[in-house]
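Got a structure for you, questions after.
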Amino acid sequence: MSDVTTVPGRSLVEVGDLTVDFGDLRAVDGLTFRLERGAALALVGESGSGKSTVASALLGLHRGTGTRVGGSIDVAGTDVQEASDEELQRLRGGRAAMVFQDPLSSLDPYYAIGDQIAEVYRVHARASRRAARARAVEVLDRVGIPDAARRSRSRPHEFSGGMRQRALIAMALACEPDLLIADEPTTALDVTVQAQILDLLHTLREETGMGLLLVTHDVGVAAESVDEVLVMRHGRAVEQGPVAEVLGAPARTYTRELLGAVPRVDAPREVRAAETVGEVVLEATGLRREFGRGKRAFTAVDDVSLTIHRGETLGIVGESGSGKTTLGRMLVGLLEPTAGEVRYDGHARVDVDPAVQMVFQDPVSSLNPRRTVGESIADPLRARGERDEGRIRGRVRELLERVGLEAAHYDRYPHEFSGGQRQRVGIARALAADPRIIVCDEPVSALDVTTQAQVVALLGELQRELGLALVFVAHDLAVVRQVSDRVAVMRRGRIVEEGPADEVYDNPQDPYTKQLLAAVPVLDPRIAAQRRAARRELAAV
Amino acid sequence: MTGFLARRVLGAVITLLAISVIVYVVFYVTPGNVAQITCGPRCSPAQVQQVAGQLHLGDPLYARYWDFLQGLVAGQDYSTGTSVQHCSAPCLGLSYQSDQQVTALILAKLPVSLSLVFGAMVLWLILGVGTGVLSAWRRGRLTERLLTGITLAGVATPVFVIGLLLMIVVCGQLQLLPFPQYVAFTDDPEQWAWNLLLPWLSLALIEAAAFARLTRASMLETLAEDHIRTFRAYGVGERSVIGRHALRGALAPVIALNANNFGSAVGGAVLTETLFGLPGIGQELVHAVKVVDLPVVVGMVLVIGFFVVVANAVADLLYAVADRRVVLA
Amino acid sequence: MSAPGASGARQFWRRLRTQRAALVAAVVVALLVLVALAAPLLTAIEGQDPTTYHPSLVDSARGGVPIGSFGGVSADHWLGVEPQTGRDLFARLVYGARVSLGVALAATVVQVAIGVVVGVAAALGSRLVDQLLSRFTDVIVAMPLMIMALALLAIVPSSFPRPVLVALVIGLIGWGSIAKIVRAQTLTLKGLDYVAAARLSGWGTWRIARRELLPGIAAPVITYAALLVPVDITVEAALSFLGVGVKPPTPSWGQMLTAADVWYQAAPQYLLLPAGALFVTVLALTVLGDGVRTALDPRAASRLRVGTGRKREAKA
C-alpha cells in the first residue's frame, strides 16, 4: 500500500545472520542477504536446504509455533522480529504477499475465489464489500483469468491447476505489495502452464515494479525468472551472485555438482544403450482404456500401439492427464485394457508376468512400511517357489549391493532409508524377478536433482549389463531425453509423435511437441529471455 | 443435483425396505412359539391353536410379509374374534395385547418423542459446536483444558446416570422444578418447555460432548491445512481464520455425525422417557418388549428406523450442499 | 511418515507412554480388570457373596431401608447392603464389574470380527459383492443399536444365558461402522504401489491380503475397537437399566441403578456406587482409547505443531 512510511535508501529485504531452529534441528544457519526494490532474487536448493523456511520467516509465520528465529529480518521497512502482531498483520499481504506451491490446497475449498480475494483486500484496505469484490474481479482479470467477473464466483475445485495459481497471484496483487514471495510457485504445474505462470510473474514485475523473492528447487526456473541467485545447502548460503555468473561460471563445488546433475533438454544422450537393436520383447496394439461409466466415462488411453526391443529405452513423455501412467500400468498387466492387447515375446499376455516389472514413482508408498526391505526384495524369489532361505538371502544381498546399497540393509525397514535409497530398493525388487522389461513410472520425479542423476545412471548401467528393455514414463522432458533411445509424446490418451529421441527433440514435427519443448526452462538466462520474447510474440499473434 | 437427489431418495427407500425385511424375519422367526407367547402362559393347547389360526401362522413367512406390506400400503381388515376391524393405510397391524391399531398407538405417542428428540437436538448442536469452537480457539490454554475435561466427563456419563442425577438434585433436593409431567405443546407451550427442560438437558449434555470433541478435532485438522496458512500469511486475523475458515471446514463432519448419532440419540430418548415417565414411543416400546407384543415392537422399530433413514438422507443432502465437491465426485 | 512396522509395537508403546492421561487410564483399566477377575477372591475376603438375601439387615417396616448408618455399612458389609433384599453391595459391585467388562469385551470382539470380514470382503470382492455388502452395511448402520437390541432381547427365551445373549446381540447389530472403516482402509491400501508391486512379484490375492493388507488395517481396527468398548459398556448398562439386559440375580451396574432413585436419601451409595463405577470405567476406557489412537496415528499427535514450510518427504 502506498501510504506506508518507508525509510529511503533501505533495501526492500534485509536479512542478517538469520537462524531458524525447529527444536534440535537447525534449518537455517547464519544466512545473510538483501534484495533491492524491484529486484528479483531466487533461493535455490534441494530439499532440506531451508529455503522455504526462510520464505516463511520473512513474514514472521514462525511466530507462535515454538520455532526459534534468530538474527535480523527487515521487510519493506518492517522489523519482522520486533514488530507487534498488528504490524505483522499489516505487512502480511499488504506490503509483502506470498504465493504457495500447491494452489489447490492453498485456497479455501468452500468459498468462491473472488470472495477470498475480497476478504484479504478488506483486511488491508478500508473498502466496502462491493468495492472489495470489484477489486477482486479487477486483479483476476489482470492475471489473465478470462471472463473474470463470472469466474470470480467459482470455487477453487472448479479451476484448473494453472488458473488456481493465477488466482493466488491475483490475491497477492490485490493490495499492490512491494514484495512478492513465491514459494515453489510452479512445482505442481505442467511444464507449459509453468512457462505461462513464469511469464506472468515477469510481466507483472515489469509493470508494477514489485520485488520478487523466488524459492525453488529448479535451477531452470530460477534462470528464467530472476536477476540474482542464492544457492543454499543445509541451511547455509553456498554461493550468491548475478544469475548469469553463478549458473555460467559457478565458483563452488556444490553449485557445480548441482548444475552438473540437472538434465539438459538440449543435450543428446551421452551413452547409447546398444549399437544394434535387439528382437521385439513387448508389443502393444490398439490399447484403449476407459474409466467410469455413463456420463462420467472418459478415455484415459486411446488406440495406442508401440513396440519395445531388447536392450533399448523407450521414453514416454506427457503432461498430467495425458494417460502415460495408465499406459504404463497396462503394459505391465496391473490394469486390464478396455480394448487392444499386449504381447510379450510374441504371445498374448494373460496376467501379470514376472518378466515385466515396474519401478514406481512414490518411494514412500511403493514399499510396505511393515516389512523389511530384504523381505520385499525377496518376494519375487519366494513367489517363484524358492524355499532355500540361504539362497534367498544370498541373492537379495547380491541385489542390494548391485543397486548401491549394503548387504546388511536386509533387515532394515523402509522408513530408515532416504527417498533415493528407497528407489534403489524398488529397483532391486524389480531385478529379483529376473525381468526382461522394466517399466519405470516417474521413477525420479520425487527425488532431488543430484539423487535423480544417480538413480538414472544406475538404471542405465543395469540396462547395459543385463540387456534390459526399459520403458521410462515421465513428465520431465529433459530427464526423458537423458535416458531414452526412442521417445513417444502423449497427449490426451494418444501418442502424438514418436521416433528416435534426438530427432523428436531437435526437429519436432507435432505442434504440441514444439509447444512442450518451447516451455522447458533453460539454464542460460539470455536464452531464456529470448525464448520468453518468442513465446510472447507467439501469444500476441 | 436432481440426479443426486433422486438417487439418494431411492437409496433411502431401498434401505427402509431392507430394514423391514430384516426386522420382520428376525422377529417372526422367533425361537419361541409366537402363538403361545401371544396367548399367554395359561392358554390351553386348543386356545393356542386358535390364536395361531387368527395370526395366519400356518402361512409361509414370505406370504405373511407380503400381507404386512399390503397392509402398510393399502390397509387391511382384521377379525378379532367376533368383530371385524378395519386398519387403514399405513397399517402396522394390531397389538396382541390390546387389539389396538399399532399405527394409532404410535401416532398418539409420537409428539412426545419428537418434542424430546428435536428439542434436545437444538440444544446439543448449540452446546456441542459452541464448546468445540471455543476450545479450538483457545487451544493450548486453560480454557481448552477445562473444556476438554468437562467434555470427557460428558462422554463418559451414561444418559440415564446424568438423568437420574439431574432429577434427584434439581427436582428432589433443590426442588427448583417439579418432577416432569408431559404437557402437550398445543395445550400450553410454556409448561411444555418447562417440563421437558430436564429431559432435554439429560439427552443433550451427553450428545453435546460428542459434538464438542468432533468439532474441536476437525477444526484443529482444518487449522493445519494449507489454506489456513494462506490466510494467516495475508494478515487475516485469528477471529476470521477460526470463525470463517476453520469452522466452515468442520461443518461437514458435524452434519455427518448428527445423522450418525441420531440413532443413538433415539436410544437415549428411550432411556430418558423411561426415566422421566414421559409417555413417548420409547416408553411404549419398553413396555411392549416386556410383554412381548410383537406387532407393536416391529411397528415401533420400523417407525424409528424410518426417522433414522430420513435423518441420514437429509444429512446427505445438507452435506452435498455444504460441500459441492461431493456431488461431483 | 507413519511406519508402524514390526518395530511398530515398540514405537506404539513409546508413543503411548508419553501420554500421561492415557497411562493413568491404562492403570485404572488394569485395576478394573483385576477386580473383575478376582471378584470371587475379594468377596471371599469380605466373607460375603452377591446373591444371599439378608432380610435381617433391612427395616421391613419402613419399606426395606437398610438398618444402620450409611446404608448399613459395617465390618461385614463394607459398602452396606441393598435396600429391600439386604444383599451385600460390595459383592454385587465387584461381580457387576465382571458383567460390564465381560459383556463389553465379548461384544466388541464380535463386532470387530464381523466388521473386518465384511469390510475386507467388500473391498476385495467383485463389484457386485461390494455393492451388496456395502448396502447391507448401510442398512445395519441405519438400525439404531439400542432399539434393535431392546427389541431383540424381548423375543429370545429367558433360558438362554443372559450375559452371553446381551453380548451377542450388541455384537450382531453394532458392526456396521467398523465394517465401513475397514472397507475404506482396505481400498486405500489396495491402491498403494506396494500392493501393485506384490502382484507383479507373482503373489496371489490371498497372500497379498494376508501379508500386505491385513497388517495395514490393524491400526485403525485397534483404534476403533478401543473406542467401541466403552460404548458397549454403556449400551449394556442401559439395557440392564431398562430391565431387558442382564437379569437378576446376576448383578450388573445398570440394573442396580434401576431402583436407585427411590432410595437415594436412605442409601445414597446404592445410587452413587454403580453410577461412579460406570463413570470411572467408561472414562478410563475412553481416555485409553484416545491414547491408543494418538499412539497409532502420529499425525493426530503432530497436528498441533505444524509449521508453515511443508517439507518434501524424500531426502537424498
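Labels A, B and C are assigned to the chains in the order they are written; within every chain, residues are numbered from 1.
We take it that a residue touches a chain if its C-beta (ideal position, glycine included) is under 8 Å from a C-beta of that chain, and two chains touch if they have at least 3 such contacts.
Since the structure is predicted, the reported quantities are computational estimates derived from the model, not experimental observations.
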Chain of greatest Cα-centre distance to subunit A: B
Chain with minimal offset from the mean of all protein Cα atoms: C
Chain pair with the higher count of C-beta pairs in contact (B-C, A-B): B-C
Distance between chain centroids, defined by C-alpha means - subunit A, subunit C (Å): 48
Rounded Å distance between subunit A and subunit B, as computed from the means of their C-alpha atoms: 51
Geometric centre distance via CA averages, subunit C-subunit B, whole Å: 22
For subunit C, residues that touch 2 or more chains besides their own: 306, 308, 310
Residues of subunit A whose C-beta touches two or more other chains: 61
Per-residue multi-chain contacts in subunit B, two or more chains: 226, 229, 233
Subunit A-touching residues of subunit B, taken from the complex the two chains share: 225-227, 229-237, 240, 244-245, 248-249, 322-325, 328
In the complex with subunit B, residue positions of subunit A that touch it: 59, 61, 88-94, 97-98, 100, 102, 105-111, 119-120, 123-124, 155, 157, 168, 171
Partner subunit B, residues of subunit C touching it in the complex: 135-136, 138-139, 141-148, 150-157, 177, 230, 234-235, 237-238, 241-244, 254, 257, 260-261, 264-265, 271, 275, 278-279, 282-283, 286-287, 303-304, 306, 308, 310
Residue ranges of subunit C in contact with subunit A within the complex: 1-8, 192-194, 196-203, 211-212, 215-216, 305-316
Sites on subunit A touched by subunit C in the complex: 22, 46-48, 52-53, 55-56, 61-62, 65-67, 101, 183, 329, 332-334, 352, 354, 356-358, 360-372, 376, 379-380, 383-384, 413-415, 418-420, 422, 426, 429-430, 432-433, 446-448, 450-451
